[in-house]
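Look for chain A in each of the two complexes below; its partner is chain B in the first and chain C in the second.
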Partner chain A sequence: MPQNTENSIGIVETQYFNFDRLVLESGKELADVTVAYETYGKLSEAKDNAVLIVHAFTGDAHAAGFHKGDDKPGWWDNMIGPGKAFDTDKYFIICSNVLGGCSGTTGPSSINKKTGKPYALEFPVITIVDMVAAQKKLIDFIGIKKLLSVAGGSMGGMQVLQWAVSYPESVASAIPIATTMKHSPQQIAFNEVARQSIMGDVAWNNGNYYDKGQPERGLAVARMVGHITYMSDKSMEEKFSRNLKDKAYSFSFASDFEVEGYLRYRGDSFVRRFDANSYLYITKAMDYFDVSGKKFVHEAKKKDINFLVISFKSDWLYPSYQSEEIVKQLKLKGYNATYIEIKSTYGHDAFLVEADDETRIIKHFLERAHKEASNV
Partner chain B sequence: MPQNTENSIGIVETQYFNFDRLVLESGKELADVTVAYETYGKLSEAKDNAVLIVHAFTGDAHAAGFHKGDDKPGWWDNMIGPGKAFDTDKYFIICSNVLGGCSGTTGPSSINKKTGKPYALEFPVITIVDMVAAQKKLIDFIGIKKLLSVAGGSMGGMQVLQWAVSYPESVASAIPIATTMKHSPQQIAFNEVARQSIMGDVAWNNGNYYDKGQPERGLAVARMVGHITYMSDKSMEEKFSRNLKDKAYSFSFASDFEVEGYLRYRGDSFVRRFDANSYLYITKAMDYFDVSGKKFVHEAKKKDINFLVISFKSDWLYPSYQSEEIVKQLKLKGYNATYIEIKSTYGHDAFLVEADDETRIIKHFLERAHKEASNV
Partner chain C sequence: MSERIINNTPLEYRKIASVIERDSKVLDLGCGDGDLLYYLSQTKNANVQGIEISEDAIYKCVEKGLTVFHSDIEGGIDAYPDKSFDYVIMHNSLQQVQKIDYVIEECFRLGKKVIIGFPNFAYLWARKDLLMGHSPVTKTLPYQWYNTPNLRFLSIEDFEKFCREKNYKILNKFFFSTNREIKFLPNLFAQTAVFVISK
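And then the complex of A and B:
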């Protein structure tokens, strides 16, 4: 049963935008690019109400509403819809799948037209800069000169910051959530462990597995590590404690504890929806990302972008000190930045869960940004 | 070059103690058990100066001094020797490899005399209770009725607590360091990820790999995850920051960052010294361990054991709140417990690194315990 159908944007459909070529940060060129995207709400005549939602690591273009026949709404449906934080009665919302992904946008599992086979490791290493460049082409295609806002959590937050660096004249406001200006060595280390787990699975076969099936075991382990980092010590205690699946210890290597069963389940279901090579490419893009020391707006347009930076108290994967560092860098350079740390026990997952607090904060911020944008 | 040879106990040798059978916590029986152990210093005539050192997860009996021809001393050499925290001029130090291990004590890689082949998964699942029971047999064999102290960090600390529960009349004092009364779901989750990584490697072959070679890739990934949890966000920043191995990004899946190279190196060197099945058995023993709610000394002998509980500020694998919980439980029941949280940025590794602070604290504690023990 669809939940919240009352405030839902309803049935939505993924659309596809194609363009000829993209010159990448590495210097390489990618030809025949498709971007999967969805839009909700209506673009105003002045085209001043467009908000770009950018997704986290394993997200996709389906941020809100329901695909025909689906019971589960998009990944940020609690935030996007009539009367919600990203109010579809007021704003025109766009969300696209990232470059390198596996949910409609061109990535390593896509067919390379030159060979007629999936790219696999022939796909060039892409960066957050490239992801945002592909989004810019989409925005141009839709005919939007300046976005009212760009918003997203985790890797979405990196894209938000990159928008402000790459296309400052095209963004009125920016909402980076639970994110960082650059990965710390610990964050790189967790990603490297995931990559080694995938590449260490013999089924990975140097990336050429599309005719034989995924490196499921390696990818599942990578996802299990991820899940630990998305939760907090406390949220795991609240959800699982030391609860056993059966009455007593099995004295075997079966799952004894509920938390073990949960991780195995999440790992196993993940491999049915996500491409192992995309996991490699996207984690590498996150590790390479570094906008520390970069200019966030053109010198001539200082203070043009309003920033709302949000972090969560129990998030140890993207700890609050990293958001505080973003705010500090912005303030030191004289930009307008508001910072809020939301109290939550959910860890990094909080940005997907704590919709009430996020809504209260984002709603007012967007209204003010919209008013300012209309007055210009 | 041996370091610190001046304060070193010098050349030492591993010894072996055999016994016929051990009835395990699971109810199963293990026959023909060997325990590898080392001793340093001299047992006093009153036999009241014996200190048992219990090792962490992948440690061994070689805690101090040098094996003939070796350049590297034992794993806690900075704490054990003449004039050191565990002063070999005063105390008789014993350290044994845990049951289930792979450094001389019987474990899954040992030959099962009944079949003439390594046990592999025929080895029974063992617990911290069983590890301590094997140590008790060793102590009895050496002829010690009551240990002056039992001390150890991490899984060593679990054994310390288990000694106080299983054999309260045989322990005068106890020093659990950087440990817990029971694993939290997050701690279980990290162990489960490691087990899945090993068991997901096709080379694991349901544990039967002794004629073909270890599941190296799965075991290396398990160890890499471990290393992240042993360090702190801050110590990784101090050691690696975002330093690159080469001058620029490789735009490939090679190791770009120093932290990646370090993890790969540690993973690869670990598989040459540790048995994958031992990794499974010992992590399971840690996950099963739970002395919360257990009596720490016989009712009739309340206050018999003096506890010194130590934790480290940046340790997020065994956070201070777990040590505080140990102290709280002990105090609530009227036992004598001292607690110290040492400031350190080294994370869980601190218990091996912060020898100066540990020495100052442990030295006085042991002297008082020795005085009390001699006066009885």
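And then the complex of A and C:
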């Protein structure tokens, strides 16, 4: 049973929404799409209190509360719930699994109705534009014309920016966290190492592994690299230092250091919940993401989207300068954009960890957005 | 907290507000906790924004519903389009700026009028400290030489001379000492000054 149910939204359930087809950015078409989603709180009569939470790379629709029988809450439970930053007493929260994912929304591991088998590499390459297009269909289905806010960190932040670019009329405010307007060569490089690790594992078999079991070694190594980029030099020092698992060196290639054990553990547990092909497709979507220059939001109108941009000082995967660039471009286009760089030693992980500071800023920002939205 | 600003407004804020037209656009460089911006938004219906370096102050600004950019002045000021404000304010932040010429020129790129407030280094008690052989420590210059954030130590007369040299027009000037207005020999008796200048 849940251990900490205080301020929790309680037991929640994933729901599913189906639609016929989606025309993708590539020009290809994806048929029979399912979107897994969860909602928390109540939609107001005026339908002006809906907040869309968009998840990071390996996240899912289960952002808060507990699934029946589970003792682990959703991935952003410290931010979503009664009285929390995304206050479920005030707002109607929606979170869906991204297109290309493997937690209920259609992705490469889903069954292709035409063949009766998993898509594998038959799945079309999708982009952040496509992920957001699928979310828009969900929002339309729920009956919301304008979201009070869209919020998310990392790849979630990319989706937030894409919402502002693709559907500016459907968003009152936007909260991109620890993110960028475009993937830098360094960010693409890390993703490419991850992809090569997966594709270099013989078990990957050109993506056709669904009857035999997935390329666990390659996927685990990909995740290990990822985890290093999510931490900071300082957070690793604080967490592991040079601590040994046993008292002395083994003088072998066993994992002597705690940090080695941690990475192996993280890699091994990850392969049990995440599909290797999804890892390829989603990293590619991130690498293609670029809303800089002329592709960015249009010039602000008199009453336009309010932005809150958040970065973290020790985040070297999505460094603060990338967030500052977002804010500068927004300001040059006449938007109201608030920016804060939060002091933290947790690196990129900070957006999931620094709930107190994020709450302090997001709570008031949302209150203002809500007040302005209901004054229209 | 917000009521405190409205009910117990420092005289300097009221004087600054007196020159600001209703519904105008205001940028405050080094806006601190956002008290002045909040006051202007409430009393003048001004559309306000700020730039501030302190993380803690950013939280306080957002609590007041303000739009703020977490940055130093020099790094944040280039993010705004030309002529996007009616007033650009530097209240007690000018003396902490490295490139004064550049920042004031940038202020005029962004806004029609620039409002600058600073502590007067030639204030009587500061002079007394100097005469006694010490660096001045006063109410408006509360720091010791080793911990002051101030890079510039200017007097009212210095600033007027600066404006003459740069051909900046002085539209208004106000002088204060402990929440009172000073009219007589301000360079000697005023602790702080506020100038409204234009090109």
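Following the convention adopted for this analysis, the second predicted complex is superposed on the first by the 363 of 376 C-alpha atoms of A that agree within 3 Å, B and C clash if a C-alpha of one lies under 4 Å from a C-alpha of the other, contacts with A are read in each partner's own complex, and residues count from 1 in each chain.
To be clear about the criterion, contacts are C-beta pairs under 8 Å (C-beta built on N, C-alpha and C of every residue); 3 or more make two chains touch, one makes a residue touch a chain.
All figures in this text were calculated on a predicted structure; none of them were measured in a lab.
Of the two partner chains placed by the overlay, only chain C lies in contact with A:343; chain B stays clear of it.
By the touch criterion stated above, A:249 is placed in contact with chain B alone, chain C being left untouched. Judged by the touch definition given at the top, the superposed model places A:324 against chain C, while chain B stays out of reach.
In the overlay built on the shared chain, the residue A:240 is in contact with chain B alone; chain C does not reach it.
Of the two partner chains, neither chain B nor chain C is touched by A:165. Between chain B and chain C, B touches the greater number of residues of chain A.
In the superposition on chain A, contact is made by A:334 with chain C only, not with chain B.
In the superposition on chain A, A:364 contacts chain C only, with no contact to chain B.
In the superposed pair of complexes, A:185 makes contact with chain B only, with no contact to chain C. In the superposition on chain A, the residues of chain A contacted by chain B and by chain C do not overlap at all. Here chain C touches chain A in the complex through residues 49, 55, 58-59, 61-63, 65-71, 75, 78-81, 84, going by the rule given at the top.
For chain A in complex with chain C, the touching residues are 306, 308, 324, 327-328, 331-332, 334, 336-343, 357, 360-361, 364-365, 367-368, 371.
Of all residues in chain B, only 26, 28, 121, 124-125, 182-186, 188-190, 192-193, 195-197, 199-202, 217-218, 220-221, 224-225, 227-228, 231, 233, 236-237, 239-242, 249, 251-253, 255-260, 263-264, 267, 280, 284, 287-288, 290, 316, 319 touch chain A in the complex they form.
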